[in-house]
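Note that the chains are named A, B, C and D in the order they appear, and that numbering of residues resets to 1 at the start of each chain.
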């Protein structure tokens, strides 16, 4: 229980179901005196929100964030910052049919067995809608890290609907998505998050190593099934003579470590890749059970999201920022 | 700071450097009345300890564990259990040369910058020696889960030096290791940990999802660069119609989810795979800097470990058990 | 930083300044399936709110609570419950004068030095207004404990404006309060909170003993300067032969321990007393400094609250309930 | 469960029963580069240990502390520091009689019901022997605070067996103790701990206010039944015009607040007083039950400790230091 808090000094606690009145969070531990407004946070949410490209789900939420506390005369006070996002486009009737089904690949089965009583509409708290709160909180961290440390995440990826850094791939991706939509199917995605200008020394070995906490942060995002740092799984077949990053007076000669050694940042780019599974909510029927143990068929009606991975990008950026912010503050305690 | 505690109800706090007097830990929150002795724990440590096969490092430690508290008349009292393992084979003179070097691929560079003053001998706390404490603590969890829930990890793998489930591969692996030793090089490894008979309902969404905490637990192990659950990174290119695990009256028809949906255990086998990088301590020289910023060459003398991944198996089992134990207790609080 | 979270399994995180848009909290870890509505919580807030008797402050807040998540079809889902209370009667103009003063006995001085930038209106987060969130969260705990365990707090005290169990004292108290109001002064208060029907076994020695956590819970309430359990400070001069609670077949023969031995509940009534200081916001002028270091005089205008202690009663009940709820869940993990 | 960890950044986890092999702790989060040796810590333990004056218990323990990790070449490395104290004078035979009794005023009853299986010898973990680990950990904090911030606790009290600041009272106290010993009885004690030179700004409102955490820290010490800050319970009958500490250019004009306002240190002396109950282990017989529910008589044989409060002084100092150290590090994260 109480698994809805993340972080030690810069701490996020979130709430909200897909079809409840609202989502939101409390961000505790933001240093005081930092300039912050809802308008600063909104663009981060806009990058995440549904219905903004023809490649993603068509639920249309405004995702307007309000700041309810922790800011006075435009600057943070060091007291907890509450962020609220109201749900406006729930369409609860779309889910009434599936209230007694266990949709394959979704958390219906596990929530039913763990909690007994669950909000089945849109997956309740298991829905990716919950990530809006993370993105709002992560926005504060990103702004702070940018302004104070120059830590940035890749920006040019926002210029296309796929967050793809290689513009030559866009049309191919678009064609793939369209084909999947017509087939009634979906595909997974791989997302890479890079943080630059990270100071050396962030991370708290041995259980709160930077890579360990990043792994948890990313794995906690809906649909993530794998996390790797630097060379990641390719290190399995690498030779030691290849993998280790040697050094010269110019600095490190490579970055297979992905910016982390011994669980602590090296000053090199932190490179994290995640694997997202394909959504199970597709128009192709699936076989499953209902809550009475009977075999039934389930199918998603209407438009579906052929690749949820696209939407994970701003969420992964948010989680990266939240982790770095927390470790940044923890490192200050030593100096 | 203070990143050496793991778990919420079943909580491990560990200490110890590679060349310090001892390693150990405190396990807090073990239910009372459980039969436990040092003899119960020792086999788990023996499975881990160095010098027991010709394929791994030749440091010879007895790794004898002592129980200093928390057990009375052979059963746990519910009070903290302290485990102590004395270091006996430090050979500190082997490291005097490298005290001012940053060995590539090791944590020397990051520990130097984060802490300033570090125990350079054998990597100090960044050494994999630290994992002996985890294995000792994990033994308690494994014994409890086995006896109370029948949760086991794969046993037959212990019958060969590689923990390899496929006996036909042994000679090939042996040849590879020998070749690498002669080359003065090393290779990474992939390890898969499976837990069976896990009850449904373990995990605390959204930040302490079972897979998220497992990811952190595994990533915190030395040399781990990637963690995946179930289909993992192969889910990136899977179709939704393939990936999702459908259900019939016989139960789930597949297990691409790896036993976890929505961050909660489904009752299916929990399957976690990890990627371990090749060790950087090889007899092939490497280029690096010393603490004065001068370019120097570093090389490991004598025998080296061509594949550290082999030794990660009992450590990964220990981490799996620690995580499951903690979530098992947390789930009891709801029922 | 991040000191706004309370509890381990039943966890409260709160936010809100006296003059911000709203106050509220997230309650994480409430067991699922529990019947809960805003109407269930409101009476607890009404017992606390200002302006309801002529003996307390005249700020008139509706303190209407809304549930934003964690409840579906009238019952909890086991997901975080967000509670929101909007501020409606701020009267910010009353505070513009004192923005640069350090009101004696208030937190202005410490908040100024710790945070630099502070919301001075009504004391910002240091205001007792913040306790509305605690009372709302505590209501959930009180309801759960009542219905599931029959744990109650003293009810008849609500029948008079002073929460006084001895009706013969009411007129004397009323006269005292009136006299203080005319004098422009205030007085402290002593409040005793009793919990009945508490099961044996709650508390987690040695640092999270039940009495230790209760002490922190109570001391965290505004104006509290002392906490005692059972005999408390009178135990200083008690003889051992008097203090110790002997036992017979009828049970304990006394309760100097206040229901707690070795940090664990004994099954007897838990008796906690707290000392509240007199408010410093009185119409008698005081000498202080402003933020420029100049000596100035400060005075509260208009009506003041001669005894803030009266309002602490429902807050102390809330904290008692929050602590017992958390330990109740933690104890379930052992059994 | 797992209530044996204290602190957030400067974190203590302890273990050990009265009659087990050893006691000890892990101190995690001590800043690196700090000069530390077992010889630095020993005097703090000597101030606490039994058998050193004729006024306290006659168990003779060497209480020799060993440092097992976290220190290299005389300075801390920033990694966890393990401290070990072996038990040498257990005399287990003294307790065999009472294994099935619930000694009044002791934790036997509650431990029996909470844990089922308990180490009854000397009270097991409920024994004050456990506080040796706290004193050892607190020594590190005290040394750090002294050297880095000049924060000291009252030293001259160590010059007499009662830690009494007023030498004219010594003979009276000695006579009282002797009389109680002859009577076969005991008395409580009041101890006041003062910390000087504490910087402004320590404390994390609202639940981790400095006074709240100090209250928990002190209440967690065996035999403590009350904690007060500054004016404490005398504030109940104080007028607001008296209690509030006014300010002039010379600073605060009084210190009824005890150095804490709004849960944050003001820079004034932090003054905490605690109430300790009289020990129940006296030579006067008491009536109680055994584990079979039968009425029995229990009595302590031989010499007893007429006033346990005397020994609480170094423990209370340790707890004060641990709390201040943790908040000192947390405050650095903001600046």
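The rule we apply is simple: contacts are C-beta pairs under 8 Å (C-beta built on N, C-alpha and C of every residue); 3 or more make two chains touch, one makes a residue touch a chain.
Small disclaimer: the values here were computed from a predicted structure and weren't measured.
Counting C-beta pairs in contact, the pair that comes out ahead of the other among B-C and A-C is A-C.
Relative to the C-alpha centre of chain B, the farthest chain centre belongs to C. Note on chain placement: the centre of chain B and the centre of chain C lie 45 Å apart, centres being C-alpha means.
One finds 27 Å separating the Cα centroids of chain C and chain D. Chain A and chain C have Cα centroids separated by 37 Å. The set of chain C residues touching two or more other chains comprises 1-5, 8-9, 14, 29, 31-32, 78-79, 114-115, 125, 205, 329-330, 333-334.
Of all residues in chain D, only 1-6, 12, 14, 102, 104-107, 109-111, 113-115, 123, 125-126, 130, 180, 185-190, 200-201, 203-209, 211-220, 224-233, 235-249, 253, 256-258, 261-267, 275-282, 284, 286-289, 293, 295, 330-331, 333-334 touch chain C in the complex they form. Those residues of chain C that touch chain B in the shared complex are 8-9, 29, 31-32, 78-79, 205, 329-330, 332-335. Looking at the complex, you find that chain C touches chain A at residues 1-5, 7-11, 13-17, 20-26, 28-29, 31-33, 66-70, 72-73, 75-82, 84, 114-119, 124-125, 329.
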